[in-house]
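Presented below are the structures under discussion, each in the form of structure tokens.
Both complexes shown next keep chain A, but they swap its partner, so chain B is in the first and chain C is in the second.
Up next, the complex of A and B:
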């Protein structure tokens, strides 16, 4: 089968799965298993497409449908960049659906007819977004994705918070989409086509002839993509919408949906800017937006006590890292291709890594929610013993997101920060941004130590009986955690393909994978023939394993015992739950220092001017007075109807005389 | 063959109307449903048979005009633009009749209705269907005008159907305002006939410059009155006193479309419209869009909110037509497509409101909440309708609105970007508000008013399902069809 056929099969399978799960909606678990089977089948087809796109058997563009009047055609092409994101989406989709099989059973009052079918259409829309090469149909898929995710976010019908969050999400992202519509139309006016290639050519030409208009278009596109990606301040929808969605959907939102904003940025900005004179300016702008996001997002996350909200803020932060890498890459690619490619590759790698660990973290938070009904970390604690798999996966993912070696978060952050620091030699701003990113990694670690400490460690609440989540939910988490380890220990393996994706999307030749990233067992950044930085995860991981065995051996050899004692509360008697070190007690100085970093702006809707309202009410000042006038005139005329025959006769005579007089006057 | 089918589509509902008026009680609705179904099937067949061509036949001649008028008057015309209106009128007309068969019943908690008065209802409804088909297939101004005024009368009778003082006043107001607009139409026809000796649409092009502008402005005033555009926008919200299926059909999908259809017809037949008139039409359309928007936020009655949304969307069609008159054929096609797509979306919304009122007895935004719990199908249809009317892809209005704004972009100078910005701004605000209202009414905690049993009866639900599908697939057959307009 050709690539378009495979994609058509994947989308048809997803839609068929939507229909099947709609029919089975009354039987929650069965609907879940059926959906998982369909998603898995579609994911298999997509993986074939991905493998094919990265192999030499890549195929050209295929046109399905054309609208000649608009210069739009539904054409499909899978290049390595699309394939890279397709791989992320296919993986996350399977895991999130599998997880939902048992998770969704605990929503009693809500029918699953509005979960699985919409979820599967949502995945189909994402596939559409990634494969079409025409902006009009891109927008159609993009908004289909938004509207399906809106219904998934507002799944809990009676929860006012989820309704508000869903509304905010849909309206903000719809506004962003309209910005993209304007941008596309301006370019379409120049070239009469919506094809990506034509639009980019028109934009490049516009940059040369009318730079102001071109930068406006770029700004509109940036707003469109960055809003979806969750870059602040447009990403303000994200901390509201992620927590209220069912956890499988939160994972899909953070793992897949926000990545598409990054996809759009790479597809347009990465493909156009590096070769143009505007590269440095826009590169710095994107990097600054990213740094602002990672700074504000992560420090705000530090203040949160709602586990899923905290993770949503970290999504903003991690997207900030990706944008930082992207910005540095775009700015440097022309002058220093190796450095720029390194930054872009690091950014894309971080996108994949973020999908793994953030999805895992949301699933972990969901697992805790499933068993305890709590998202408030102040009321949780001591779950590690009862939920070992969840606790273990969440720990791995937490360390990964914080960038602890040898996990995957470290590898990608290492690339991004290395690129920032090296680019800082020429452009000191990037040095500062890189240092900020490094400092914020620490804040991320602190934030997740809080999560691990408050949720999994400490004394369990004896009144609450908690057990490990069902196998499907545990499996989903363990798979993602294993991916975090795997991608971290063997970073060169995925990075080889990511280099291909980056190379396919930028207009400047990118060095080969081994030139760019060093050997197969580690990473090396070289500059001017000398190795500038090295990262050997296997050595570090091996060393850590050896050290762990040594420590364990020493402990055994020394016969050091462990003793467990209750928390000492000065002799007072307290329940374990009340003397726990609660989540809100962490990092108070930080919270005070950065209290106003995420301001809540209250919009005041301006009152509608009363004068204008009266002017619009044409009835009041025109029609009703006119009608009354007519009525009064009719009344005046009717007064002549006195009901006396003699008077009427008199009128007739007078009238006859008048007529005769007029006729005589005219004739004479 | 085709011509007689077209004539049959006018005569059949008119005949059925007469039958429905005299037969007893429940039988009337079966007569009406059958006739409407046959007409809908015929209309689809005709549109397929006459796909992409302009089919025109003269049927006899009027003796008193023989020799005076340069072309015979009675005839039929089926072209892509007429097909669009014909499909809207007949398909949604059938669904409305189907819906009405259950809506007008004793089980209706808003307006319990015995079988007694129903013959009158179906008489006017079918007569309206016949006259609307007549509007869609009229080949000249005179014939169009006759059917046009017939729709006005039907509208008056149906708005006043319940006979309450409010509905009587609303019906009278609608009659006076649209009737006054009709006088301008008549004036335009008189001038045209005196100056050119013809009632043809294309005869406008033979008028000398100043007269042409005057006639066009008179036609424009007639269209504004019919389509409830500023400054004649005040009758439509009051007309919501009509039974809800009537509001869905006459005052959202069909009759008000006659106004914009007239202007589209004029522009299709006469590409050379004086720019000043086109600018006037476009400017008033923009004013209408924003005036209607300004009323959204103070409505509590769902039907009145939808009425203002209808006014705004008719403004969109008018805008597209005006841009078409300025030379952008894409916008003109978008306007024609919007007639179709908006018809499906808005009819779905109105029929949902009717279903909610049927089951709960209320259509107040503040009193209703959490209706989706017991009426999932209605809630789905309402959300689909909101997304369709607001222009969220992949639903219908996205494509039509997109074609209108893209058409605006085609024009030279600053008009395009300004129009696009204004239109998209309105689009966003109205989308946000409609979504908010949909969430308020259908989601959240269920209020006592909304504690009801279930979705409406199957006939009403079926109409909702078909309209939902229509919202999704309308562009699929609408876009190829409108490509033939303006060739």
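Up next, the complex of A and C:
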């Protein structure tokens, strides 16, 4: 099969799965299993496409449908950049759907007809966004993706917070889409085509002839993509929308959806800017936006006590890292190809890593929610003993997002920070950005130590009976945690492909994989023959393990006995719950120091126009009055039916007399 | 930088051995010094060794189970020893590679992670307060370390600690490196967990903080890790930022470095002996100012001074 055929199969399977799960929606678990099976089948097809795109058997563009009058054609091409994001989406989709099988059963009051079918269409739309190479169809898929995700965010219809968050998401993302539409139309007027290549060529020409217009178009595109990615301040929808979505969907939002914004940035900015004169300016702008996002997002996350809201703010922070890498890469790709490539590769790698650990963290928070019904970390604690698998995978993912070596978060942050510092030798601003990134990495650590401490560690609350989540939910988390370890210890394996993805997306020749990334045992960045930077996770991890064994040997050398004792609380007996250190107490002085960093602007949320709402509400102006009329008539009729046989006989007699009178009258 | 693997391994073992075996002696010297300043007799210099020996044989009382909790002391000491192999002692860092500066900064935080997780896991509210303070101190001090090392990186044009050392030894003192060295020295006080910055432990207040529920061999290993850590950071300071006189003979340089490190720690000990404890927000404000001043060093480095 050719690549377009495989993609068509994948999308058809997803849509068939949507229909099947719709038919089975009354049986929650069965619908979940069927959806998982269909998503897995589609993911398998997508993985074949991915492998093919990275092998030498890559195929050119295929046009499915041409609309010559519009200058648009539905053409499909899977280059390594698309393939890289397809791989992320395929993995996250399977894991999130598998997790939902059991998770969704506790929404007993809600019909799952509005979850699985929409989820599968959502995945199909994402695949569409990633493979089309025509802006018109890109926007169609993008809009489908936004709409379906809106319905998934507002899944809990009776929950007012979820409706409000969904409305905010709807308004902000559509404003962003509008920016993209305007940008596309401006470019379309220039070249009469919606094809990516033509649009980019038109934009490049505009940069030379009418720079003001070109930069406006670039700015509109940036707003469009950065909003979806969650870059502040446009990403303000994210901390509201993520917590209210069902946890499997939160994982898909953070793991897959926000990455699409990054895809758009790389696809347009990475493909256009590095070769142009505007590279440094836009690179610095993107890097600054990223740094602001990671600084504000992470320090705001530190203040949260709602577990899923905290993680949503961290998504903003981690997206900031990706944008920082991207910006540095765009700024210095032309002058220093090795460094620029390093930064872009680091940014893309961080996108993949973020998908793994943040999806895992959302699933972990969902597991806790599933068993305890709590998202407020002040009221949780000591769950590690009861939920070892959840606690274990959340710990691994927490350390990964905090960049503890040798996990995957460290590998990609190392690339980004190294690129920042090396680029900073020529452009001192990047030094500061690199230092901020390192500091925020520590704040991320603080935030997730708080999560672990407040949710999983400490003494369990004996009044709460908690057990481990069902196998499907546990398996989903463990798989993602394992990926975090694997990608961290063997980063050079995925990085070869990510280097291909970066090379395919930028207009400048990127150094070969061996030159950029070194041999099979470590990352070695060489530029002009000299070693610039090197990181060998296996050596560090191995050294760590050996030295920890030495330390453990020392600890056990005395042959001391062991005994379990109660916690000492000043000589008095206290229940575990009364001496808990609540989540809101952690790092109080530090939180006070950064209190006003995320301004809450209290503007009036535009309410849905009342007149329009009434116009759409057919119930209110047609059905209910009609029903009331019928009811009143029936009441009047029933008043005459009193249930006494004599009265009915009387009516019959009266009726007969009347009929006879009428007949006589007519005949006479 | 192209040390043969065997030599690197030998040097790594040397660093680990120095960190393990000499750090209690250094702690003993500091205790004695504190006693002298306080007009006390003080314990013998070997007291920390005796403490460790005694603790290693004592009963291990635990408030909670679980594998991570059981492994936490080993991970703490293990990561401190890993840090030792990333720090130069007379020669280039044995485990050094071209990007080890970033790795060093992150590994330095890793030992604190294991300690803080232990504190939270032990279930004691005192430990939780201590762990929270430990994290805030880390948030305050680590930027100073990062800025100082980046100053070196800019001067030397490399991300390797060994490269910074070599550059510094060759080019002699500069204004930016001097400011960075002072900042790092001020940070050392907190990294060693000494007054006025022993806020996470604060014995008289929260009774040892993170370590309150640790006893016997676990306490011994945690203490050992803290002592090793103060020696390692002193070594990093004197070797990378004040490497002169650099003779080029590894054993001589190593001995010289140790003497200099001891001198620096004696200074730390004196500050410890004559100061009362600060509150956590005072410490955070202090280190924020230190880090911002260290940015001046970065500015000097960028303009080549």
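The rule we apply is simple: the second predicted complex is superposed on the first by the 578 of 668 C-alpha atoms of A that agree within 3 Å, B and C clash if a C-alpha of one lies under 4 Å from a C-alpha of the other, contacts with A are read in each partner's own complex, and residues count from 1 in each chain.
Please note the rule applied: contacts are C-beta pairs under 8 Å (C-beta built on N, C-alpha and C of every residue); 3 or more make two chains touch, one makes a residue touch a chain.
Keep in mind that what you see is a predicted model, and the values were worked out from it rather than measured.
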First, second, both or neither for A:174, with chain B first and chain C second: first
Chain A residues touched - chain C or chain B, whichever exceeds: C
Which of chain B and chain C A:470 touches, first, second, both or neither: neither
First, second, both or neither for A:616, with chain B first and chain C second: first
Chain B versus chain C as contact partner of A:438, first or second or both or neither: second
First (chain B), second (chain C), both or neither touched by A:458: second
Which superposed partner A:569 touches (first chain B, second chain C, both, neither): second
First, second, both or neither for A:405, with chain B first and chain C second: second
Contact footprint of chain B on chain A as seen in their complex: 67, 69-70, 111, 113, 136, 139-140, 143-144, 147, 151, 154, 157-158, 160, 163, 166-167, 170-171, 174-175, 178, 181-182, 185-186, 188-189, 608, 612-613, 616-619, 622-623
Residues of chain A defined as touching chain C within the complex: 382, 384-385, 395, 399, 402-405, 410, 414, 417-418, 421-422, 424-425, 428, 431-432, 434-435, 438-439, 441-443, 445-446, 449, 452-453, 457-459, 522-525, 531-536, 539-540, 543-545, 547-552, 554-569, 576, 579-581, 585-590, 592-593
Of chain B, residues touching chain A in the complex: 177, 230-234, 291, 294-295, 297-298, 330, 333, 370, 372-373, 376, 383, 387, 392-394, 398, 402-403, 405-406, 409-410, 416-417, 420-421, 424, 427-428, 431-432, 435-436, 439, 443-446, 479, 483
Chain A partner contacts - residues on chain C that touch it in the complex: 1, 12, 16, 53, 56-66, 68, 71, 73-79, 81-82, 85, 95, 97-103, 105-107, 109-110, 113, 116-117, 120-125, 128-129, 131-132, 135-136, 138-139, 142-143, 146-147, 150, 153-154, 157-159, 212-213, 216-218, 220-221, 224-225, 280-281, 284, 295, 298, 302
